[in-house]
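My questions all concern the structure below.
For reference, chains read A, B, C, D and E in written order, and residue numbers begin at 1 within each chain.
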Amino acid sequence: MIQARGITRTYQTHGAFTGARTVPALRGVDFTLPDGGAVSFIGESGCGKTTLGKILTGLETFDGGELIVDGVALSGLKPRQREKYFRRIQMIHQDPYSALNPTRTVEATLRDPLRMRAKERGASGGGGGDGEGEGGWRARAAELLTLVGLEPAAVLPKYPHQLSGGQRQRVVIARALTVDPEVLIADEAVSMIDVSMRLGILKLLRDLRSRLGISLVFITHDVATARYVGEGGELHVIYRGEVVERGLTDEVILAPVHPYTQCLLSAVPIMRGLEEPGPDRTAPTTALDERTPTPGCLFEPRCPFAQDQCAEKHPVLVPFGLDAVGESGAVGESNAAAAGPATDTGSENGSESGHVHACFYPESRRVVGVEVGAGSA
Amino acid sequence: MTGFARRLAGKLLAGLVMVWVVVTFTFFLVHALPGKPGDVQYEQYIMMGMNSEQASAKVQAVYGFTSHAPLLSQYTGYLGKLAHGDLGQSISYSGVPVSHLIWSALPWTVIPVLSGLLVSFLIGVVAGIFAAVKRSSRWGGLLTVSGSLVAGVPAFVLALLLLVVFHTEWNLLPDAGTSDIQYTPGWNLPYIGSVFQHAVLPVCTYALLSYGGWLLAMKSSVVSVLGDDFILASELRGITPVTRARYIGRNAILPLFTVLALSFGVMFAGSFFIEDTFDYPGLGNLLLKSIGTRDYPVMAGAFLLITVSIIIANILADLCYTLIDPRVRR
Amino acid sequence: ACSSSSAKKTNGGTGGGTGGVFTSIDANNKITAGAPMNPYNAAPNMFLGYNIMELGFTKNDPADPNALLPGLAASWTASDTGLTIQLQPGAKWSDGTPVTAADIKTSLAIAYTQGTAGPVAGAGGTVVAGSNFEVSDVKDLGGGKIEIDQQPGVKNLYFQRLVLTSTIVNDKVYGSQLPADIWTQIAAVQGTDAAAASAASTKLAAEGKTIAAFAPAKDISAGPFVETRVNPGEALLDRNPYFYAASKISPKQVILRSYSGNQQIWGYMNGGELDYAPYTSMPTNILNQVLKAGYTRIDAPSYVSASIAFNEKQAPYNLTPVRQALAYVIDRDAVTKVGEPVGGIAAPTTTGLVGSQSDTILSADQKAALNPYKPDPAKAASLLQGAGFTKDASGQWHLPDGTPWKITLQTVNGFSDWIAASTIVANELTQFGIPTTAAITADFATYQKEMGAGKYAVGWWLVALGPQTDKAYARIYGSADGFSVANGQATHNDSAAGNWEHTPATYTVNGQSINPGQLAAQLSVTPVSAQGPIIAQLAAATNQEVPMIQIWNYTHVMFTLDKRFTNYPKTGQDDLLANPPGVWMMQGYVQGK
Amino acid sequence: MSEVQVRGLTVEYQTTAGWLPAVADAGLDLRAGEITGLVGESGSGKSTLALALLNAVPAPGRIAAGSVEVAGVGDVTKLGGKQLRKARGGAIGYVFQASQNSLNPLTTIGRQLLDLGRSHEVADLRALIARARDLADRMGLDGQRVLDSYQHELSGGMRQRIGIVFALVLNAKVLILDEPTTALDMLSQASVLEIVRKVHDENQLSTLIITHDIGAISEIADRLAVMYGGRIVEDGPLLDVLRRPTHPYTKALIGATARITGDVEAARALPGRPPDLTTVARAGCVFRDRCPFAVAVCAEVEPELATWESGRRRACHVEPSTVLSGTAGAPAAVGEPA
Amino acid sequence: MTATVNLAPAGLKPRTRHPAWAAFRRAVTRKPGRLAGLIIIVFFILLAICGPWFYGSLSVDPNELYAPPSAKHWLGTDFAGSDVLQEVVTGARYVLATAALSALFTSLFGVTVGLVAGYQRGMTDSVLMRLTDFVLTIPGLPLLIILSTVWSFGSPWEMGLVLGITGWGGVARAVRSQALSLRERGFLEAARGLGLSRRHIIVKEMLPNIAPYAAMQLMLSVIGFIGAEVGLFFLGLVPFSSTNWGVMLNQAVFSGGAMETSSALIYLLAPLVCILLLTLGIVLFLDAIDELFNPRLRERV
């Protein structure tokens, strides 16, 4: 289980002669990922999704907050000690074309982590009846490739450029599985894959969840895919490094509360003829501008429903009232969680599985398209 | 632009630290050299037919200028003087300030290197564009190979070839010196003409040496720009070929400017090959002579100047990049 | 803008007849922009005989080192205590003012500070006494007569020559550079108070540095020419109208060039650009070409010999038979033909002197007794076998201890004749059965240092320096070779680091034990007329012991071009040829065509 | 009336295996006031087709056959030199796939606009600027600021809109957008699409939008053409095609689109991998390897693109009704047997 | 999902595994220029290695100074009566050994430093880069001349080492920038995420990707080093004790008068032509390097 509490990351950028600039990529993100569960993050470009993914896999450091893996707070550990925990969290890269070393065959790509893993297990006194010899990794590699739906004999000797995008992404997933991870982080794992093969990968991810009990963090700006993979899990809507709405995936999609979520969901294309647009579709008033400082609600400059208070005070996540929605979506017990640095009130009502949002004027709107009739044609 | 000023100051400071490191390094290196100044000369004088008294009198004069203080105190003394811009005094030119020698030599390196670079830059860039545009044709390939070949040929080989052809064979151009002695130096036509004439071969060598580099750099730059989408986009928008050429040219030449600054430093450091062959009295020549005569202060001074020029070139390159490219300008 | 005609202009050929431009090379100065027009500078932009004047000019006469050509001094008379000179009537500086006793006095004071006329301030200001002559005073006797006194009690054999060959500069220009009490300081150095002498000497040395670095704004010369302009590598001099013998000076202008490599001079000569070219080593093909270009070759004696020396501290070169054997193996004629075909004559044998010297000094009997070391491999083999060396089946020699004998013949960068000669020496030795390779040191300074440190076993070396035989033997048996002389007694000290070293302090020649160090030291205080017997001993010892093998004796080969000027000195006029062309002109030579 | 008529267009690329068609015998009409969507997987030849419309097929390629008649210009494939240059940008506006990089990074947008004006010999450059500013304003950009900006100062969505401004500022009647939203996030995509629709309607353009995202295209297009392996396999009015896809590929493509509502399990992935120039079948139907309806004839005879119903064309041997009812087997498993 | 696990993929030796030799041959023979380049390079390497065996040791013949080309002396003899061809052959060994050695050293050191600095970042990076800056700032050739007076370059190894020490800066910096960009590539992030060892990542993941670049640098530095080395010998700036082309040039010009008389021109031209040819060979061959190392390009038929 992974728990994130107020993860913050700020980048400093500077050119050779140009002045420094600070980019807050994450401003206090927290979430809980139960074993075998799924968490999705959606948000537009540059909102900090990749940064979050990198932090979770240990490729990037965080400069505020706490990451807790199985009850161990990672910030207190030395980098070497952290590695062990990060090993259990593996990332699936967005771009299958760059995620595989072009100079190494699939076999070589899988062999090294498998060997390492075998050695580790042998060392940690696993007893090793496992057939962990030289051939051990071969069998395991074949097994993993089969698991991701590839024909081992055909794929193993190939170089990445000899594989299609979908095949590559499957190899990438197989590679992530070599170290028996408990969590997979998929950062836009399908956006670079051809439409016709996209769904196959999504289905594979779902399968892994259900069959191997692997938890999934799914990062995307494509809401539909988030829904497809993150079924039953929570959906986090992230805006400029801050989570502005959170709830069960379907709940958020069907009844978004935060105007940003609503804009995002409104933007999902409608399959005309098959679907009809939601009645309350909205759009942001202007394009994103990260440069201007926003003391109040971060979305206020673009919010179609902004009011005076929005520009002054920074809203924090609060549960969405039962009565206000008038629908299902029980408010969980509110427990005080570590507040992110951006919060201006002392405490925050975060909940493990409630529908929460950061808006002063919450109102549920139906924005997503719905299918016309029952079936197609 | 205070950020800019601060960064520039930072770069300069870093450069200064580098200068100090280099000064220290060269100081001790130079003093680790075996032999005493003057030793070399003695035997040569003898062979030239000087009698041993005349020879030793000359050598004596040189000896008088070697310092006998302990190395460390020489070092601190040197640093202290250096801080005041005093590079010390030459040994082989007994007592002449090193800075005086360096200042007399400097223009004979800077001007040919600069003009050689500029000439080669202009020609190389044009040839590079041609090689890029015609890259699949025989001519383009030939141009490219010739560019790499010229870039690969050692400096002195070029210098020698030029010398053989233009001096020994055809006797079109003088082989040594900076100008004919008959002309009174100054802003008079014959003198300037003579300076030009003497500079032709060194400048041509510098130019030829760097020409290949420019050609190749420009070619690859143009090729990559040609593949850029905005070029195709401009074509699809019906922009005239002339304007498109301008787009390509500007974008392709941009990365070359930083290289230009850097290669100035490189040329500077390699100038002695050419200066020696053409007996051109520049900095490299001065360095060579001072090594031959164990003239530590001159050696250290010339080396220092070459190093400083490399450091400055580096800073300039950074600066160039920032100023020229709107993408990093802010 | 670059026409072929102007490229050619660099040659001196613009002038024909009187008033032309005389073009030459100054071999000893690298003409550098930035160096001062100060003759005391180590590398000045000034030129002996053109705008550097001396009271007299050397003749390099081995029989009389004190014989000189007149310069600013028309004549002189020596006495026990000094010298009285008569200035040239009409001797003038190029600004028209006459040369006076004050100029002479200032010049000799400066010479003192430069170490040439007084004790040298060595490391840390210690005084090295007795290495030079010591002028104690200069008196104007009027009428151009000037008396120059030697320090009482000091008797330098060459006082006259040293005084007369001092550079004379203008008091108005250089006098201000000297402290007013300069002669008091000189007196203090020559005084009996050792502490005061040392302090004064240090002070003088410091003043000497200042003077050497002094850069006069303008050249005021008493010589035939005045410097007009200096370019890097080139200097232009104009005729000095006030020169005392201006009527004899034919060229209106002189262009002097420096050079950085021999081939540059060859190039100039090929183009007929030089009227006079100094000595350079050259291969025969270049010689032929130069002669074809119209040059006349002039030979002058050089008194220098190229030889292969041994470090006798290293086995097996401590063995005399080994050195002798090598002398028998090396074919000096063949080596000379490759190394110095133009400027060298294969050495007739090894004596420590060049051939012309030993020819005149040694008697016929003495000469006949010398071993000529004609190439004789059989003799060499028997010598080696006698010393316990063995030859294996493949023809290679082994040291007495059985290890194969290999030689590394060391030469030094920049001495192209040595390098060329090394290849053939190596070849000869290798063919004889001693595999030999030639190694080259970066430069002379390193060479000398490593040689002193005993790093080389066999290498090249110049010997027989100068017409004075004492200098020649000091080169072989001097302090640098481990012999130090104290109280007239030479001792041999193994640890001395300077030159090729000789292990034994004494040699046994013809059954008689001699100490070569002592003899060499003795030679330097013996008048030339009385040197004969000592030289005979030293020559015989050197010939027998072969501390080095003399390969060739240099000839000073110069070239003159008869196209624009004529009436050059000819081979045989050794006294003139010891000087640069400026001095020839003063004597009425070199006239326009 | 058709603004653009494409007939029998075949475009070939030279490969080591010889000249291979990337677009084969394509026929397409772009009508005034109508947005035509062209969908297909990567490598199906969409961009090549679009470039052929401007007679701008890149280097190792050539238009082997066919014609592209543009109203008021003539057959573009026959044009050359200045006429062709004028047609590009003047009559046909093209918006780039990689909008990110379609602008010169070193000069401001305004300057590039002036270059465009001069290239097309626009007399009144002032008016051109004004018009561009106006267009930009209408697209929700701050026209003045944008014209003074460099490319790197603008976001992807803004650049894409600038691309449209450039395509339209000379009053082109035909607008071709090659994957205008692929690199954009949802919000930018939505706003760009909306703007395209708006501009299209206002100017009564003939618009061709190329994409691989059937969802995005369904938002705005009026007609839909589906490409596979260099062939147009089906076309017709958008709503009709979406509701009643009669080509197995079209059907599979729609079925493989993840939806935001409805049954998650309903979506099905396509089996196999998309063909490219060298792997595409030389004989028979190009889709047959991946087709659940494939019959024997598919391997031998290439189906022709033929009208089967008014306004609808398809290239398939299988009966439309069979495909519509989807009876002939289920899509193959997720696995990719090479 | 029912596919059986094939435990013996060896049975299916695919064609992608074809010997590297075939790929090499294909890359080289694709263009005639590359082949010519390779032939030239191989020729000189063979010359350097085997030449002296066939051509014996150097000998001098004082009776044949300046002999014109003849059957006995193909390129004539020089001023010392040595056979010029023999000198060229003997000289090749020193020149090539030095150049190869220094290039090897440069690329080894430069690549290692660049890779480590680029991968490690932080403190290691800073320290290594300052060192690199230092090496880059110090003008190498002038330094070499100064050094040569302390250190006599008797053997090619010493010369190569010193050239290498002063020459690796540029490679290190370039490799570092490549490494930095590689570092952000997905497969390296993945390797780090998998917890693979640093050595594994640098050697097995990064190095192969930099290989074409490194090889290119290697070849280019060979050219540079030949130029520098021969130049230093030519100018007589460093001492020499064995025959090499630079020494030949030096002797031809400064002792043989090659610039003045045409009778000596052949000694000047012989080494010059060798240098030019070798440079040309390398330049032509460089074209093939990318293809040799990049599996994607290698495949393309």
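Simple rule for what comes next: contacts are C-beta pairs under 8 Å (C-beta built on N, C-alpha and C of every residue); 3 or more make two chains touch, one makes a residue touch a chain.
Since the model is a prediction, treat every value here as computed from it, not as a measurement.
Asker: Which chains lie in contact with each of chain C and chain E?
Answerer: Expected: B.
Asker: Any idea whether B-C or A-E has more C-beta pairs in contact?
Answerer: B-C
Asker: Suppose each chain is reduced to the average of its Cα coordinates; what separation in Å results between chain A and chain E?
Answerer: Chain A and chain E have C-alpha centres separated by 49 Å.
Asker: Compute the distance, rounded to whole Å, between the mean C-alpha positions of chain B and chain D.
Answerer: 55
Asker: What is the distance in Å between the mean C-alpha positions of chain B and chain E?
Answerer: Once rounded, the distance between the two centres reads 25 Å.
Asker: What whole-number Å value describes the gap between the mean CA coordinates of chain A and chain D?
Answerer: So the centroids are 32 Å from each other.
Asker: By residue number and range, which residues of chain C touch two or more other chains?
Answerer: If we look for residues of chain C contacting two or more partner chains, we find 267, 414, 443, 445-446.
Asker: For chain D, what residues touch not just one other chain but two or more?
Answerer: 335 - these are the residues of chain D that touch more than one other chain.
Asker: Indicate the residues of chain A shared as contacts by at least two other chains.
Answerer: Residue numbers touching two or more other chains: 149, 151, 154.
Asker: Write out the stretch or stretches of chain B touching chain C in their complex.
Answerer: 33-40, 43-54, 57-58, 60-62, 64-65, 68, 89, 91-96, 100-101, 103-105, 108, 167-168, 170-182, 184-185, 193-194, 196-197, 200, 276, 279, 281, 289, 292, 294
Asker: Within the complex, which stretch of chain B touches chain D?
Answerer: The contact residues of chain B facing chain D are 228-230, 232-240, 243, 247, 250-251, 254, 325-327.
Asker: Where on chain C is chain B touching in the complex?
Answerer: My answer: residues 1-2, 4, 6-10, 27-28, 30, 32-36, 40-43, 58, 60, 114-116, 120-121, 123-124, 162, 165, 205, 208-210, 212-215, 229, 231-236, 255, 260, 264, 267, 271, 278-279, 300, 302, 304, 414, 443-446, 448-450, 462, 465-468, 471, 554, 556, 578.
Asker: What residues of chain B sit close enough to touch chain E in their complex?
Answerer: 18, 21-22, 25-26, 29-30, 32-35, 141, 145, 148-149, 152-157, 160-161, 163-164, 168, 268-270, 272-273, 276, 284, 287-288, 291, 299, 302-303, 306-307, 310-311, 314
Asker: What residues on chain E touch chain C, complex-wise?
Answerer: So the residues of chain E touching chain C come out as 58-60, 62, 65-66, 79-82, 148-149, 152, 154, 236-242, 251, 253-257, 259-261, 263-264.
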